[in-house]
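For reference, the structures are reproduced in the following blocks.
Two complexes, one shared chain (subunit A), two partners (subunit B, subunit C).
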Partner chain A sequence: MQRPALEALQLKRLREIANFSIRTPFYKKRFAKVGINSGDDIKSLKDLKKIPFTTKDDLRQNFPRGLLAVDMDDVVRIHTSSGTTGVPTVIYYSRQDLDNWTDLLARSIIATGATKSDIFQNMMTYGLFTGGLGLHYGAEKVGMTVIPASAGNTKRQLLLMKDFGTTVVHVTPSYLLHIHSVLPESNLTVSDLSLRKAYIGAEPHSENVRLKLEDLWKIDAYNSYGLSEMNGPGVAFECIYKTGLHIWEDGYLVEIIDPETGEEVPQGQQGEVVFTNLIRAATPLLRYRTRDLAFLIPGTCECGRTHRRLSRIMGRTDDMMIINGVNVFPSQIEEVIMKIHEVGTNYLIQVEKDGAIDKLIVKVEIYSKMFMGDARQLDGLKGKIKDDLRASIVINPIVELHEPGFLPISEGKAKRVLDLRPKF
Partner chain B sequence: MKITQISVFLENKKGRLYEVCSLLGKNNVNIYALTIAETESFGVLRIVVDKSDLAVKVLKQNNFVANITEVVAVEVADQPGGLAAILKILVNNDISVEYMYGFVEKFSDKAILVFRFEDTDKAQKVLIGNDIKIVTKKEIEDL
Partner chain C sequence: MAKQLTIFIENRPGRLNAVTESLNKSNIDIRAFTIQDRGDYGLMKLIVDNPNRAYLALADLGLACALKTILAVSVSDKPGNLHKLTTALAEKNINIIDAYGFVLQPNKVGVCCLEIENIQDVPAKKVVEDAGFTVLEDEELYNL
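And now, the complex of A and B:
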């Protein structure tokens, strides 16, 4: 699609989405302030800039139904962060919304050169996380043979790959590295398997990690980008040329802004990625700040697609960590630790790489007055911290107990997170 | 009749045990018995000393995580079957031992066993009822 036609389509969809947005009190109020009372008041794509940004906080404050723009009877699915972060957010999808999303995933898969003849093993978690179900339906739409393996149970993953001749996987890069390390234990080599492609996403990774995966597995690895606020995966995906991720601009308007000023940065410059979802009526989100840092790659792609390309994600504007594909905020860890009486106020979160796997180490100081002189008490305490953290952040941490004064005392802004993973 | 045992939390760090012992030595505190309960990442040091109040004070002043625990010390003949005789009484009276350790008295033919019981009072009563000599705090200090 040529750019003028694409932009005309974008404007048409933006107007439609604006009409849905106005059904929510949140956007109705915001739009009225800038003189937009219906989609027709949006004359050109430039008018988008009148609308204020939407943030994660807006989603939280409007939980659970403040951003629902259709009748609940028309909602066919919910994806929610409820239960893991403590401050839940929710996205509703109508039947049409899911179809739109699925179309973009099918398109993403086709862009990588995969076809209905491929055997697709989906190693992303199924459930509230959008990564699993999203690609699942996209792959079915393409007509691939889908193995809904979900994440974990590496030996079974390998058995499935071997028994069914899996040719394409959807997986986090760290897990795909891990699976490779388990091959010898399973008496397998890469040549016993039929893998040709991997869709890697859900956590930032470097070009080196991609090259390593491609070399170890003798495959092509394609970067996949998405976030649940923009439906999930399939916001941007690499094509066979693997030179950046095509943003499906008929579905998502993209802006790259200076996170400080909110102004758009010059093309090619790094900034915070802002998306407007054009294809989801049930939960419209306009100018949503992702907090992901990236840039638009100038020039056109050899594949001929006019959808512009997004760089890989270079970082975050907040302190969110991604550990083995799971989003973790230090504040979640703090909340758990501070509820435990035996622990002092000082703590340190350390993230390391152990081979391919991220390791989360939580170091706490024990509070002298609570020490009863018993090793079992301390072992129990360690176990409790571990269990509470696992329940809150879904990751199994290593907990270390230390004497008071062991951890550096914070002067001014506390340095509580030590990320020792190699940078890219 | 109970005596004082000092527990010190030790994180897994080189030289930490030395620091405890050296501190006590400098303060003229004598260690009679010592045991360490260890896990993979930390240990708990348990000691019986002559001047327990002073020991706890200097440990805390030096930022050690230390605490006192009431334990029972009993005197037994330092000969084969000495410990078994005591344990038999405990078993017959259904008394559980959380942990124990022993040391030998220098100037006699007796050994001293240090017990941490689940139910200290009941244990003491049973031991006394069976004519077992329980060592007092004063006696420990004067060893």
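And now, the complex of A and C:
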């Protein structure tokens, strides 16, 4: 699609989404302030800039139904960050919304050269996390043979790969590295398997990691990008040329802004990625600040697609950590720790690499007054912290108990997060 | 009943030394000690001549420590005696959480320190005495 036609389609969709947005009290109020009372008041794509940014906080404050723009009867799916602690966020999808999302995933898969003849093993977690189900339906739409393996259980993953001749996997880069390290234990070599392609996403990684994966597995690895606020994976995806991720601009309007000023940066310069979802009516999100830092790659792609390309994610504007593909905020961990009386108020979050896998170590101090001199009490305490954290952040942490006074005190800006993973 | 001092000590160089330094400064005489290894930390268990003073000295350092009631049983150093003791407790379904023993030379008197589950609620002392053993009370144990 040529750019003028693409932009005309974007404007048409923006107007439609604006009409849905106005059904929510949140956007109705915001739009009225800038003189937009219906989609028709948006005369050109430039008018988008009149609309203020939407942030994760807005999503939290409007939980659970403040951003729902269709009748609940028309909602067919929910993806939510809802845990046992913290204020959750939720995204609703109508039948049409899911179809739109699935179309973009099917397009992403086709762009990598995969076809209905491929055997697709989806190693992303199924459930509330959008990575699993998103690609699942996209792959089915393409007509691939889908193995919904979900994450974990490495030996079984290998068995499935071997038994069914898996040719394409969807996986976090660290997990794919880990699986390779387990091949010898399973008495397998790469040549015993049929793998040809990997879609790698959900965690930032360097070009070197991609090259390493391609070399170890003798495959092509394609970068995948998405976030649940923009449906999930399939916001941007690499084509066979692997020179940046095509943003499906008929589905998502992209802006790269200076996180301080909110002004758009010149093309090619790094900034915070902002998306407007053009294809989801049930939960419209306009000018959503992703907190991801990246840039738009200038020039056109050899594949001929006019959809512009996004660089890999260079970092974050906040303190969010990505641990084995799962997004974790230090505040979520703090909230759990502060509720447990047997530990003091000081803690340290340490993230390390154990082979290819991320390891989360949560160090807490024993609270002297609660210490009964009982080993079983301490075991129970460790178990409780572990269980509560797992329920909240869906990661199994290692909990270490320390003497009072060992960890940095809470006055001033104590460094509470120690990320020892190699930087890229 | 006798008191054992339990101290939470991180498993890294110098931490045990910090404890012994404090005890030394406070002139505490150690009768017996054992360390229960728990991976990232250990629990040091001490019988000392003055548990309260030792507790305060360590607590002043900010250490997590606790005074725990234990059953200190005098067991003469003869084959079969420990078995006799555990038999008496087992018959009454009394659980021993942790235990250690030491022998005082030259009078060949063994002391067995037992951490008993729910010590306030079970008749451990009576059971042991009925089996013919002597239970050492505070000062008897500390001044051995």
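By our rule, the second predicted complex is superposed on the first by the 420 of 424 C-alpha atoms of A that agree within 3 Å, B and C clash if a C-alpha of one lies under 4 Å from a C-alpha of the other, contacts with A are read in each partner's own complex, and residues count from 1 in each chain.
Everything that follows uses one rule, which is that a residue touches a chain if its C-beta (ideal position, glycine included) is under 8 Å from a C-beta of that chain, and two chains touch if they have at least 3 such contacts.
Here the structure is a predicted model, which is why all the values come from computation and not from measurement.
Q: State whether subunit B and subunit C clash or fit side by side on subunit A once the two structures are superposed.
A: clash
Q: One more residue to check, A:D354. First (subunit B), second (subunit C), both or neither?
A: neither
Q: What is the contact status of A:E260 with respect to subunit B (first) and subunit C (second): first, second, both, or neither?
A: Touch partners of A:E260: none, neither subunit B nor subunit C.
Q: Which partner does A:D73 contact after superposing on A: first (subunit B), second (subunit C), both, neither?
A: Once the two structures are laid over each other on A, A:D73 reaches no partner at all.
Q: So, A:P404: does it touch subunit B (first), subunit C (second), both, or neither?
A: Both partners.
Q: On the A-aligned overlay, A:D163 touches which partner chain: subunit B = first, subunit C = second, or both, or neither?
A: neither
Q: Following superposition on chain A, which residues of subunit A contact subunit B and also contact subunit C?
A: Dual-contact residues (subunit A): 366, 368, 371-375, 378, 400-406.
Q: State the interface residues of subunit B toward subunit A in the complex, per the touch definition above.
A: Residue positions touching the partner: 5-7, 9-11, 37-39, 41-44, 46, 60, 63-69.
Q: Could you list, by residue number, the parts of subunit A that touch subunit B in their complex?
A: 366, 368, 371-375, 378-379, 382, 400-406
Q: Quick one: which bits of subunit C touch subunit A in the complex? Just the residue numbers, please.
A: 4, 6, 8-10, 15, 36, 38, 40-41, 43, 59, 62-68, 97-98
Q: Could you pull out which subunit A residues touch subunit C in their complex?
A: 366-368, 371-376, 378, 400-406
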